[in-house]
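Okay, so here's the structure we're looking at.
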Amino acid sequence: MFMHNKRLMYTVRVGAPDPKLASLMLEQFGGPDGELAAAMRYFTQGLGDDDPGRKDMLIDIATEELSHLEVIGSIIAMLGKGTRGRLAEGVDAGAGLLTSLTAGGESHTLSVLYGSGPSLVNSAGVPWTAAYVDSRGDPTCDLRSNIAAESRAKIIYERLINITDDAGVKDALTFLMTREIAHQKSFEKALYAIEDNFPPGKLPGDPKFTDSYYNSSQGEGDTRGPWNQGEDWEFISDPDRMAAVDGGSGEASVKLSASDSRALNRMMERTASRADGNPLTGAELGSGAQLDIGGRPLS
Amino acid sequence: MFMHNKRLMYTVRVGAPDPKLASLMLEQFGGPDGELAAAMRYFTQGLGDDDPGRKDMLIDIATEELSHLEVIGSIIAMLGKGTRGRLAEGVDAGAGLLTSLTAGGESHTLSVLYGSGPSLVNSAGVPWTAAYVDSRGDPTCDLRSNIAAESRAKIIYERLINITDDAGVKDALTFLMTREIAHQKSFEKALYAIEDNFPPGKLPGDPKFTDSYYNSSQGEGDTRGPWNQGEDWEFISDPDRMAAVDGGSGEASVKLSASDSRALNRMMERTASRADGNPLTGAELGSGAQLDIGGRPLS
Amino acid sequence: MFMHNKRLMYTVRVGAPDPKLASLMLEQFGGPDGELAAAMRYFTQGLGDDDPGRKDMLIDIATEELSHLEVIGSIIAMLGKGTRGRLAEGVDAGAGLLTSLTAGGESHTLSVLYGSGPSLVNSAGVPWTAAYVDSRGDPTCDLRSNIAAESRAKIIYERLINITDDAGVKDALTFLMTREIAHQKSFEKALYAIEDNFPPGKLPGDPKFTDSYYNSSQGEGDTRGPWNQGEDWEFISDPDRMAAVDGGSGEASVKLSASDSRALNRMMERTASRADGNPLTGAELGSGAQLDIGGRPLS
Amino acid sequence: MFMHNKRLMYTVRVGAPDPKLASLMLEQFGGPDGELAAAMRYFTQGLGDDDPGRKDMLIDIATEELSHLEVIGSIIAMLGKGTRGRLAEGVDAGAGLLTSLTAGGESHTLSVLYGSGPSLVNSAGVPWTAAYVDSRGDPTCDLRSNIAAESRAKIIYERLINITDDAGVKDALTFLMTREIAHQKSFEKALYAIEDNFPPGKLPGDPKFTDSYYNSSQGEGDTRGPWNQGEDWEFISDPDRMAAVDGGSGEASVKLSASDSRALNRMMERTASRADGNPLTGAELGSGAQLDIGGRPLS
Amino acid sequence: MFMHNKRLMYTVRVGAPDPKLASLMLEQFGGPDGELAAAMRYFTQGLGDDDPGRKDMLIDIATEELSHLEVIGSIIAMLGKGTRGRLAEGVDAGAGLLTSLTAGGESHTLSVLYGSGPSLVNSAGVPWTAAYVDSRGDPTCDLRSNIAAESRAKIIYERLINITDDAGVKDALTFLMTREIAHQKSFEKALYAIEDNFPPGKLPGDPKFTDSYYNSSQGEGDTRGPWNQGEDWEFISDPDRMAAVDGGSGEASVKLSASDSRALNRMMERTASRADGNPLTGAELGSGAQLDIGGRPLS
Amino acid sequence: MFMHNKRLMYTVRVGAPDPKLASLMLEQFGGPDGELAAAMRYFTQGLGDDDPGRKDMLIDIATEELSHLEVIGSIIAMLGKGTRGRLAEGVDAGAGLLTSLTAGGESHTLSVLYGSGPSLVNSAGVPWTAAYVDSRGDPTCDLRSNIAAESRAKIIYERLINITDDAGVKDALTFLMTREIAHQKSFEKALYAIEDNFPPGKLPGDPKFTDSYYNSSQGEGDTRGPWNQGEDWEFISDPDRMAAVDGGSGEASVKLSASDSRALNRMMERTASRADGNPLTGAELGSGAQLDIGGRPLS
């Protein structure tokens, strides 16, 4: 069960409204690495998890991310306060307002559609989608996804800090960025507190293919490193050894019943593209002057 | 700032695992009228609102909806516990598991992709999208959207109750359904506590068109009611009075500069479809036996 | 069955092409509160409805919304005529065209991808999705959704009017805005013409929870109003009374078969995060200079 | 301006309700090749087109497609009438209803979310998106897209006919399928009525590369046909002739200012992956028993 | 099986970084007519096709499109190199960077979210979706879709060329544009090499409706052409001949069981909108000063 | 530049067609952790990366993932061969085909829409979206995302193996699963080959908040572990220490110009929800018998 306290987790002091900047901040409100994505990633994992300690941690951090969502949303709301009133009241209506709403970023949509309130879209105006949430119900995967997500969130905050001069905004963003570092540390501890967490799951890999590295991209500039050199790796550059690595024909086959075969063959015959001849095509009809239905120039 | 209490808002007692039923319950977890949509609708409005009482109400209810999200998510998690362990441990692997995962609903995706944990998709497996959230930053609109959303959520819960025999699930769903009624009542009070809330916004309508009703669908079965009859309405059935109601030509026009005109004319000439003649087409080439490039049958 | 008359419902007289303004107008062509969303909301409801009068009204208004879609689409087409010809014919090709297409809004995508024709995207370029359509097949819900949708459409038109100086565009937008008011009135009549329309559906709420208001957001600034005060409401502020309101444990449980239990326990053991000890993590490996595989500094 | 006539374009006589079949019919209501996609494809093109005859044809056919949308939607509504009443009234509530809603297809979502009314989703429950609409504002492209779209719609109708025994449904589907054939014929005529419609647009291709065919897929089974053999084609099989076909280095380069170079170099140094050595990784930490922070086994 | 050669198919020589131009180029990287859409369209068709020659061609061209994806992606990467380093290193942090990222197009999202690397979004920042891929598993449809897709891709490249002054970018774009022409030619040959490819599929149309043209859009400006005039067409303008063309009632009906009927009737009665009377509505309550619960002015 | 070899990377030998199983396999073709997502994740990173070794590795593995996409797509194509022919040729048309297409999973959509060919949707029929691709242009983030993605892909393959009895399918899936393990190992090496890779980016966190752990979820069941206990962590349970952690007021503020203030205040006054009184609402009008416009019972 959730409770809310009216004080923000971090005080938000914005220097002046700026709808352009507001629209960039949306990235961490309704963007793929934003706070809703974080909260929902950990919350869905926590609800499904059967390990009491990990479940507790996941809900702890999910809850904190909701508090962060409120902080970044409040920044956006404050940056939008100027446009909000003017557009609602029709102050400076016409070209003046139009110019102020199209000064850059996605402030035009933030203002016209969302009334300058925080909306769950990213900095391009794309609505948040749960396709961003990669919870899979296996802790060794989910914790790795969380570690990755926290690292991405950290970078996006860093970029937003780099494009801001407003001291109050920078200050709050720095707090939010810092917490992503702390969360990553917690998730790392929880991952490595799982005995034998690699590879994930229960089924072992096929030892014939666990240590092979296929040099699929070749040509000048081939460079090696610990990811494909050393005793751990079998480095394979011969293209013949990359096809049909099982030693088979490299073909796909299926055993069909007689009636399925018959149906498929009928379809194949009916829709075959003849390899011989040179049929007249629509493109050829369409190049230059047209023909009429009788094959004469369409005068 | 948010806090979480480990006790659910409502105790969840599920009789037995049922992945099919679990997948239907997703509708209120990650569906368009589900609890995340509700929580985010009110939370985004609350962050942007400038009226202290309404803002407080919006955050109160947003917070409660998060608690509901936890309840419905816990129902899904419990209904999925059977598949969760068996799929992870490979118990009954093969046809047995396949059959149990494809017994109906969307349990196949819930199990294979999400590991039987609650996921932010609807009962068809469609990821939640913020396109469901219709907050617009105007309270007379937003409160109407909230009223409508609560009514929809009520109906979906009613349908889910109607397809469930599990007493514990029905009990928790009834609680959740009831709260939608209570929330609708609150939002109604807040809407009607706004002086002169209709029409929304500040600009008045054009009185020439505020009371007209266009009988656009005609023929046997035309039926009237208070929505188009009585003193309040001018009922217009003559199609001529539905076109160009401004009394103009009904055409669209724009004043182009000379150079824009020239460019547009060039494009029009270049891409004109000639109205005369009867050109030979690709479909005609393709009907029956093909021709070769010289126009002869492709033997 | 539909018919079309070549005269627009309202004459469109655009002063001059303006691709930036065109891209903002897309909000009411392919945006969430635009005319396609309106037409499809009422059309899908009308097709499914069994009440003859309401069905007639829904199709009447759906049809009119299609006529509106044509009006707003024609505005966009006219505003785009300048870019359309120049980009197609390569007039002023290079930096000149680039500058004119990136002057603001989403005119770059409108021009490059859609050739300056009206496209079913919103003002941020997001394609229209039926996720915007909230028809649920229950008239007391659907009419409330329609009322809310009309109110939102009204506000968006008002905002677009506020950012336009072009008299012809303002004139046509005012007509479209006005019709949203009229439609809202019709839908209100149809809703209140349903006997006992609240709460929606057939199942009553649980009287224990219908009148409770949970003060989930607390702290300085708590404000009450008719939405949570007075005789109608039980106002609950004690967090203990918000958890497990059914009087139970507040826990989620499910009865598992012995074999399901065994599988789940095996999974839990295999994936437990140990609460004791302090495991070395990847983040710790990654802070500062790296170690080699033997645990020595990677010189 | 649109008008509606209450008579359907084609009479719909459904033999018996069948929610499973209803959910498959959604493919042509809210699917990618369904009637809304068709109507919107031609409608958006018609609004933008400057050629009077073609514009007229596009709106003619768009309007007819709306009439088709109504026919297919009415089929879905009729097939859903059984579930609609029973779910709303709670008849046979519990396991009985659950079983009937999960008998196959996507009837579970059609019933629970959409109340058995026609909804703008495809047969998998995916909401319709304007991403299906490929109008680009150039008639030689758009007409080709229309031709292709009509051919796809024809096939989907054919498949739906093949899975239906209901005579009334088959009859109406056959009508709809037939009209796609007629529409394709019209679009073909309009395309070939454009003088010199291939290649589309104004800029010619580079003659060095217009007639080359790159045999990018090689190995046993290489098969040739008129698409790559004959005088029209230069058939290139030598991989060396497929890389850097311009005769250059095949590298990507950009001229950077000194300050941009400096910044980029700093970033490269800071984030370089060292090619030498063999760093200890998280996966190695995670394989087998864990280490504690001091590098000892985590007992 | 795929192999990669480090040399690009076409050398990319960009004159100077330009994040605005980079964001427009995204249209052909992650847009609907971009190279990923092309590659995936042909690849999915090739995997499913049973005709050896056509399958080979489809994989040939799919593979080439992947090489094109690499070329356009490299152009974007080069155009973004300036912002990439500066944003990562915080050079010119603050208003300077903000201004450079919001100069137009969608460069703000390209830089902040994607770090100036090529990302699979279109020029509006909309993520690529497989909804763009219209492969249907029937070659006469799929080849038509391919022909249309190549024509669209050609036009988008032409537009991008028209907005670019950078000689190296223009050069590479011209190559890519040219190849779309060549691919269209191949697909045309393969289509017309299918005996009797129109209409697609196996079921014939109903001859009663194959040659009818419904003049659904009427009024001044009605224009005819080969798409609806001549011996091939029956031109129908009488609206009465467009409704219920089967000669039936034009109504939709379904045979319901007695119990289904009863349930539906109960629902209809319960939710009827009464046609008589004039109910007081929420909108009326909301117009002007509000009433209190007792019906008195809310003082 | 890419080349293709007609031999698959792994031979595919399917025992018998099974459209239900085919539809589940889609998860790794067009699902979020499928092979297209993998290929595009690494390909986009590789194009943007400036580190030669890492870039080479990324393109190597991206290329291999394309070969995997071909393998899993071929499995799907083989499993679908039975339905493909029968549906195209209308064999067993009617109820027989319907039953075979709705036996479970998403085979109905796979067959009707995609003609049983591999399509870029997941096992629920949801089209692939680039929202799955989390490349951000920073290697320390991207490599962590890759590690997480490989771990997720491994688990999904494991689940698919667990639901399959077909020996040939299991064999090929085991190969694909194994390669995810190998790729994870490579990405781990590349990550730890970056000096000082944690925290990502350049800006340090604020040391005041790097080591705090907020116990946001409280109540019975609170459990600690290395993620929040020990010397590394400051464990904070007092809710007062979680609000306004900066020591400020916890409020959000912005400095508005006088004119912005005036506009905002006007809007606030115009849209205030009055806290006093008890307004009559629409829900109250709608509960029980309706009133007519004059406030009398609507007889």
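The letters A, B, C, D, E and F name the chains in turn, as written, and every chain counts its residues from 1.
By our rule, contacts are C-beta pairs under 8 Å (C-beta built on N, C-alpha and C of every residue); 3 or more make two chains touch, one makes a residue touch a chain.
Here the structure is a predicted model, which is why all the values come from computation and not from measurement.
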Length of the shortest touching-chain route, chain A through to chain F: 1
Other chains in touch with both chain A and chain D: B, C, E, F
C-D or B-E, whichever has more C-beta pairs in contact: C-D
Cα-centroid distance, chain A relative to chain B, in whole angstrom: 22
Distance between the centres, which are taken as Cα means, of chain E and chain C, whole angstrom: 21
For chain A, residues that touch 2 or more chains besides their own: 1-9, 32-33, 53-54, 56, 59-60, 63-64, 67, 74, 77, 84, 88-90, 103-104, 106, 113, 115, 121, 124-127, 129, 131, 136, 138, 140, 147, 155-156, 161, 184-185, 189-195, 198, 201-203, 216-217, 219, 221-227, 232, 239, 242-243, 250, 264, 267, 270, 273-275, 277-285, 290
Graph class of chain-chain contacts, one of line, ring, star, complete, other: complete
Touch list for chain F against partner chain B, complex: 20-21, 23-24, 27, 31-33, 103-106, 122-126, 155-156, 159-165, 216-222, 239, 242-243, 250, 264, 267-268, 270-275, 277-284
Residue ranges of chain C in contact with chain E within the complex: 1-7, 50-51, 53-54, 87, 90, 93-95, 97-98, 101-104, 106, 108-109, 111-113, 115, 121, 124-127, 138-140, 147, 184-185, 188-195, 202
Residues of chain E defined as touching chain D within the complex: 5-17, 32-33, 52-54, 56-57, 59-61, 63-64, 67, 74-75, 77-79, 81-82, 84-86, 88-89, 91, 129, 131-132, 134, 136, 138, 140-141, 144-145, 147-149, 151-152, 154-156, 158, 161, 171, 174-175, 177-179, 181-182, 184-187, 189-190, 192-193, 198-203, 205-206, 208-217, 221-228, 232, 239, 242-246, 248-257, 259-267, 270
Sites on chain A touched by chain B in the complex: 1-9, 30, 36, 40, 43-45, 47-49, 56, 59-60, 62-64, 66-67, 69-70, 73-74, 76-77, 80, 84, 88-90, 113-121, 127-131, 133, 135-138, 201-203, 274, 277-282, 284-285, 290-295, 298-299
Chain B-touching residues of chain E, taken from the complex the two chains share: 140, 191-199, 219, 223-227, 230, 232, 243, 273-279, 282-290
